[in-house]
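Each of the next two complexes has chain A plus one other chain: chain B in the first, chain C in the second.
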Partner chain A sequence: MSAGVTIRCLLGMLGTDVHSKGIRTLAQLLRDRGVEVIYLGEHNTADGMVSALIAEDADVIGLSFSTSTYVHYTRDLIERMKAAGVDDVPVMLGGLIHREDEAELRSIGVKGIFGPGSTTEQIVRFLEEVTGKRLSAGRDGFG
Partner chain B sequence: MTASADALDVAAAVRRGDVRASARLISRIEAGDESIVPVLQSLYLAGGNTPVIGITGPPGAGKSTLVDQLVSRYRAKSLTVAVLAIDPASPFSGGAILGDRVRMVRHNTDSGVFIRSMSSRGVLGGLARAAGDALIVLGAMGKDLILVETVGVGQNEIDIMRHAGSVVILQTPGTGDAVQAVKAGILEIGDVFVVNKSDTPGADRTVAALREAIEFRYDPHDANAWLPSVLKTQATDASGVEELVQTIERHAAHLASHPQAQRQRLLAQARVRITELVSEGLRRRYLGSHAMNAPFAALLDDLVDRRTDPYAAAGRLLGAVG
Partner chain C sequence: MTDSRSAADIKAHLEDVSVKLSRTATWSGIETQASYGPNDLPDHDYARDSGDPGEYPYTRGAYPQMYRSRMWTLRNIVGYGAPADTREAIAGALKMGTAGINVVLDTLSQEAIDPDHPALSADAGQEGCSLPTVRDLEVLLEGIDVTQTDVAWHSTMMVYPLVVAMVRKQGKDLSKLQGSHMPDHLQLRLGGWSEAIVPAELGHRTTVDCIEYSVKHSPRWALGCPQAYDLRERGLPASGEIAVGMAIAKQTLRDLAARGLGVDRVAPSMAWVSGSDIDFFEEIAKFRALRRVWARTMREQFGSQDARAQRLRIACHTSGRSLVYPQPLNNLSRAAVQTLAALLGGVQSLETCTYDEPICIPTEEARELATRTQQILAHEVGAARTADPLGGSYYIEALTHRVEADALELLGKIEAIGLVKAVEEGTVEAIMDDYNYKIQGELDRQERILVGVNKFQPKAETPPKRFRFNQAHMESHLQRFKELKGSRDDVVLREKIDALYRVAHRRENAHAAMIDALLADGSIGEVWGTVRLATGLPYDPFRVLESPFGTPRL
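For the complex of A and B:
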């Protein structure tokens, strides 16, 4: 049952940010690489995202931001993940993330940061690295 | 020994409604982890008391939005709900975008609601089995009812819907004339038909076409027969949803008052479930990478070299199974 192994990635946006083109694009790119994307869309609360993370038993959580409030929202989310005991799930960020904020984001606990210019390849490599799973390399078509 | 102790722990946690334990168990079901079989066995034996409502229909018909509304209705009645939302996987990459949950985000923080997304990834023919096992878990969590949502009406979906006590088929206006409505496949499995997006033109015509086709199939002389209802809803503003809830209740009451029909349904479910396990067992036995052994390899050689034919070869294998 090698087909049973896959990476489940929760993708969503927090707060009032409505620029979802980026995260929808990423969702499709990751799907095409064999990732199971659980797509939460915009306007999530941190608590709602943590509940979804637990119920979906996702391997990774990915957030997209195009507004400057990302440090605040990400810190809030990771604190709630800690409170729920699921802060072992790696968090990655994408979108308009400024280089000068990266150090702070990493100190909060963000594991992957994919700002402008990042490639699908980099994200896929990150996902494989943090989950220890390989994406659909050995599919023989026999389920 | 430790395995069975572990199984007892997991089963107990699921039965306490522990979200994390239940979520992880479903992941192991999806991964085809055979070590969880004892957990599923014990949960199955203790289960069967949670009503399962199936919702299916073409992509974009509004299933997830309707499920979201149904969850709200049931929550308003203080009922707790588990949802299994199944989306197709890409046949090319095996990946998927599980997007049903995005319609249900308002229930994310409600501890009376458990929502799990599942993809149809690479579990050839095994999707219904995996969904059936996931339904065992959801049923054991102690929720008042279960909603299971799937796309389309292929064989897989029909097999999944067989796990449900009541099946709701969603259609939208403008998806075809009376001939489409009488095409085989959907009429046979639906207990309740819903024409969603009822504010779009043609809704009444779709309702009429469905009604005609359903009444044609209905045998009024069969004391156990249920005449499927046809309703209109507009899931975006919840109109018609309360009527749908009541119709589903009426169908459940019909089954309760017709024990023979109920029994037939449960026996059909049991038959499907056992067939799924047998066929998956065969698939695993003959297609798995470790499945090759000398007699099987010799049989394949005979087949390729035309010393035997596929029917005789399959007959020999099935004969060996007994």
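For the complex of A and C:
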């Protein structure tokens, strides 16, 4: 697999949310599939995440939430991405995302929503679709 | 049969409803046999390994009569919004038949951050009660005498100093203070607070400081340490809960002994905060193995001579992680089985998770049903009648030995590295990550079936009911908080903050100084931020705020 087709995915959490086990597991599962994961961990501010996005030149940004304030934090992040001119980077959300909030999230610009019951396969397909890049199957990527 | 459906239809239908043995290993991964007999317990010695209930090594229970002498405390977890909101919820829970109140704080208060933090204010009051000052605690507990009533705090950072400050303000006798909290900071570090919010070294030292202060000044206050529930939920097998929890308990006891507080002064105040996961038999074995490991460790390694230090009390909350979002009413079944396992395992207090745990903070209906689950088990099922009812079962005894052996092996590995180092270097987190990764892989490959999640998914479902509350109290709470900051005696507060900084800078026990600063209306964010600064950390872990007091003079 050449460096040119690598998908670079920034994963992190905003606010005071501490439930990081899901996103940590996802980071490992995506690495298995050849995704280059930049893992920011918990406790980021929106500004900090935008800076990291610019510094890392990521193709996609993935956020995980277990707290109920995800609409607020996501809107804040996307506004700051716009202000910094990097809102072309697709945003995906995972964790405890309620179906009845999906329309609002999409209206503020969220491209992928992976709530309870989503599979790794669905996330991988989404990453390929929004980046237009194809991952080679198996564990021969950036494990 | 005159059924017109095709054979294929019927077969598909049957596959959907049939119950098959999909797994022969326990939920944590211990392989089991088709049956067990005396040959599986070749070295088991009743007096040495089991003992009667209430007898060393307490495998069969902490007390001889168990629930006949003292029932478990039925606890209900409450907390949301402003102190006034949670106050109302407490009143409602007491009316419903809850004996023990367990207060949960919002994520900001749990991280010792003030509700007016410019980047984080949205989280204030959302997942628990916002409690930034002594004055808020007074609103929350108005009319409740904390020297008479047992209030349990499902929280770690700053809550004990807040309670002590309130007791002092009320002129009450601190030695009579009742209740409990969970002073285990290393668990926070491992549970997602991360090095940014709770650095391992400072966290562990704060645990030791807090327990030292409490044992000396409020001997009736119970200490939920280790807080093994969150460790387990973060990603550990049943044996791992014992291993990491024991590593924390032992390091804490060693450090307290070095300060002159021996095991028999400290351990009687400690209670193990445990989970109860979905594998019924494995959980019962875990509670039994845990009491045995604890008793032997206290007696053989710490030289305990007091039965109260060797007889472990367990505070249990059923597993939230095991509950799922699809078809949430199934969580009532899961929680009932977990609650029964905890009772047959002999726990001293018990919170049953609400079925809507994976959806939102509990609705009132869900809380009532969780209470009723325990009442059904107590009154109808007969779960409380006889101590350790599964003791002597070949299977349970063999599993108890196996969980114990696995736990001691992992404990040895962690202690060989050194606990704080193993946490700082990420070794313990890596164990948890590997466990979660393995489980997710098994779920993805359907080697592990989670009903409603990777099999037997509900067809169409209306979204579950979500808890909502009126934000009006929150607005006035935030307003009051800002007003308080503007109306304090700044000279007195600065004096207390400076004193706190000096004590914390010397790496001494800062609890008395934290309490003084809280009494001068310092907020949790200001008080803990000062401890952070004195330790060489940024005042605000999010690096947005600077200390309003500048850098105090040494």
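Definition applied: the second predicted complex is superposed on the first by the 133 of 143 C-alpha atoms of A that agree within 3 Å, B and C clash if a C-alpha of one lies under 4 Å from a C-alpha of the other, contacts with A are read in each partner's own complex, and residues count from 1 in each chain.
As a convention for this text, a contact is a pair of C-beta atoms (placed from the backbone, for glycine too) under 8 Å apart; a residue touches a chain by one contact, two chains touch by 3 or more.
These numbers were taken from a predicted model, which means no experiment stands behind them.
Novice: Looking at the combined model built on chain A, do chain B and chain C fit side by side or clash?
Specialist: fit
Novice: Taking the superposition on A as described, I'd like to know which of chain B and chain C A:30 touches: first, second, both or neither.
Specialist: A:30 sits against chain B, while chain C stays out of touch.
Novice: Once chain A of both complexes is superposed, is A:117 in touch with chain B (first), chain C (second), both, or neither?
Specialist: The answer is second: A:117 touches chain C but not chain B.
Novice: Does the superposition put A:81 against chain B (first), chain C (second), both, or neither?
Specialist: In the superposition, A:81 contacts neither chain B nor chain C.
Novice: Give me the angle at the C-alpha centre of chain A between the C-alpha centres of chain B and chain C, rounded to the nearest 10 degrees.
Specialist: 100
Novice: According to the stated criteria, A:43 is in contact with first (chain B), second (chain C), both, or neither; which is it?
Specialist: A:43 contacts both chain B and chain C.
Novice: Between chain B and chain C, whom does A:99 touch in the aligned arrangement: first, second, both, or neither?
Specialist: A:99: touches chain C, not chain B.
Novice: Minimum CA distance, chain B versus chain C, superposed model, integer angstrom?
Specialist: Taking the overlay as described at the top, chain B lies 5 Å from chain C at its nearest C-alpha.
Novice: Determine where on chain A the residues touched by chain B overlap those touched by chain C, and list them.
Specialist: 28, 41, 43, 45, 47-48
Novice: Where on chain C is chain A touching in the complex?
Specialist: Touch list, chain C to chain A: 107-108, 110-111, 113, 119-120, 122-123, 126-127, 188, 191-194, 196-197, 234-235, 324-326, 358-361, 432-433, 436-437, 440-441, 444, 453, 457, 463, 466, 541-544.
Novice: Which residues, counting only chain A, touch chain B once they are in their complex?
Specialist: 1-6, 8, 27-28, 30-41, 43-45, 47-49, 51-52, 54-57, 136, 139-140, 142-143
Novice: Which of the residues in chain A come into contact with chain C in the complex?
Specialist: Touch list, chain A to chain C: 15-21, 24-25, 28-29, 41-43, 45-48, 67-69, 72-73, 96, 98-100, 115-117, 119-121.
Novice: Inside the complex, what are the residues of chain B that reach chain A?
Specialist: Chain B reaches chain A through residues 19-20, 23-24, 26-27, 30-33, 89-90, 92-99, 101-102, 105, 108-109, 114-117, 119, 121-126, 283-284, 287-289.
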